[in-house]
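Letters A, B, C and D name the chains as they come in the text, with residue numbers starting at 1 for each one.
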Amino acid sequence: MMRVTLLYFARLREQFGTGSESAALPSEVKTLNDLLAWLRARGGNWASELAEGRAFRLAVNQDMVGPEAVLNDGDEVAIFPPVTGG
Amino acid sequence: MMRVTLLYFARLREQFGTGSESAALPSEVKTLNDLLAWLRARGGNWASELAEGRAFRLAVNQDMVGPEAVLNDGDEVAIFPPVTGG
Amino acid sequence: MKIQVQTAPFDLNAEVAALYAANPKVGAVAAFLGLVRDVNEGDGIATLTLEHYPGMTERALAKIVDEAKGRWDMLDCTVIHRVGEMKPTEPIVLVAVASGHRQDAFAACEFIMDYLKTRAPFWKKEATPDGERWVEARESDDAAAARWQNKG
Amino acid sequence: MKIQVQTAPFDLNAEVAALYAANPKVGAVAAFLGLVRDVNEGDGIATLTLEHYPGMTERALAKIVDEAKGRWDMLDCTVIHRVGEMKPTEPIVLVAVASGHRQDAFAACEFIMDYLKTRAPFWKKEATPDGERWVEARESDDAAAARWQNKG
């Protein structure tokens, strides 16, 4: 069983009602795509905000990555809207 | 007979030993090309600095122009090296 | 190279002077200042609030600056991005690049801004007369960043 | 639009703030600072002395700024060029452009600098260990100015 830290920012933080959680992932969750499916299964805002076709970005251990990235125990995973700084 | 003010800057000012002069031009001097030929006829640094192929710039009444420009009585004519500001 | 995320305003004179005053090899500094505007998408803006991802922000900015250093002759560089609440006319971000010559300074400064806009984890929330809203990312910013992949 | 030729140093904070502090439409300021370097063409530089053509200088700079205004969305602009004797690390020139968006600010600022380099009547004389010499114009500056004829 893998444990990861999940971080949410900006609109997603507000929609999910939390900025972070520590999650124990079932063994079938191996990639970010798997993680997204697992989060969508929570329903509600999780299902709608993370639906296919919605614009969001993913980072693992503070580097932006694609949804095919493989997760490791202890990873810091962040999900956030496209950035709007500057 | 046309009278113009001639201004020289930077290296040309130093080589000619003056920054300005008021010149009464003979009637055959109608363009900047004619003026350059008339100045070259002074010999010395005038001939060498204004020789064909030397890099210098021309302005009439504070606008850069080409050597074919026609002169008018009272014009302010400036001859200077390529600019190096900034 | 100085990379900083802070709530406080910054002193443009001090930041820019730090790039050239002690280094007579610097012939050019290109600087960019991004400011809070009072109108966006047709609506009045009372305040802008910047959120970021502490840790990743500094890391992302350092990577962007490193990439710029690999492409252009940069002698020094400062990136300061503010977070928290700001009002119209307040500076949000400063990117300043020192170089021997102007072309490198301009290109590196613009590159860093374009990449910052699409890769550094900052998010803007605007307070309008109709309430608060998150600013949407612009496709034009993605296009601006993408054009650096074909030149430099 | 402010265009000024002066011997005195200028205050970057004050000049840049004047472009945006009173105008909440300004979202971007791109600024360029040109500085005296201590080496040029391999020789040490003790001082740099700038000569100009009073009257034509201001006129040439105004024409360059007007051309930039016709090409890009500029809200305001300041060009300050110093003349007289300067030492390494001293600022020579400031070009700062305020705009709604960064692309216009960057492009207009770089355009004004490129044109200033080839069209504004300033001349530099360097004091080196071997004596004084006039700085030669660079072909690369002509090339930099020429590229704006094909884009913008």
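Assume contacts are C-beta pairs under 8 Å (C-beta built on N, C-alpha and C of every residue); 3 or more make two chains touch, one makes a residue touch a chain.
Predicted model only: the values in this text are computed from it and were never measured.
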- Third chains touching both chain D and chain A: C
- Task: Averaging each chain's C-alpha atoms to get its centre, pick out the one most distant from chain D.
- Result: A
- Query: From the C-alpha centre of chain B to that of chain D, how far is it in Å?
  - Reply: 27
- Between the Cα centroids of chain B and chain C the separation in whole angstrom comes to 48
- Item | Distance from chain D to chain C - Cα centre to Cα centre, in angstrom | 22
- Message: If I count partner chains per residue in chain D, which residues reach a count of at least 2?
- Response: 34, 102, 113
- Note on the structure: Contacts with two or more other chains occur in chain A at residues 86
- Query: Which of the chains are touching one another, listed as pairs?
  - Reply: A-C, B-D, C-D
- If you look only at chain C, which of its residues touch chain A in the complex? 34, 50-53, 55-56, 59-60, 81, 92-93, 113, 116-125, 134-137
- Seen from chain A, its contact residues with chain C in the complex are 7, 9-11, 13, 55, 59, 62-64, 78, 80-86
- Query: Tell me, which parts of chain C touch chain D in their complex?
  - Reply: 11-13, 16, 20-39, 88-89, 100, 102-103, 105-106, 109-110, 113, 144
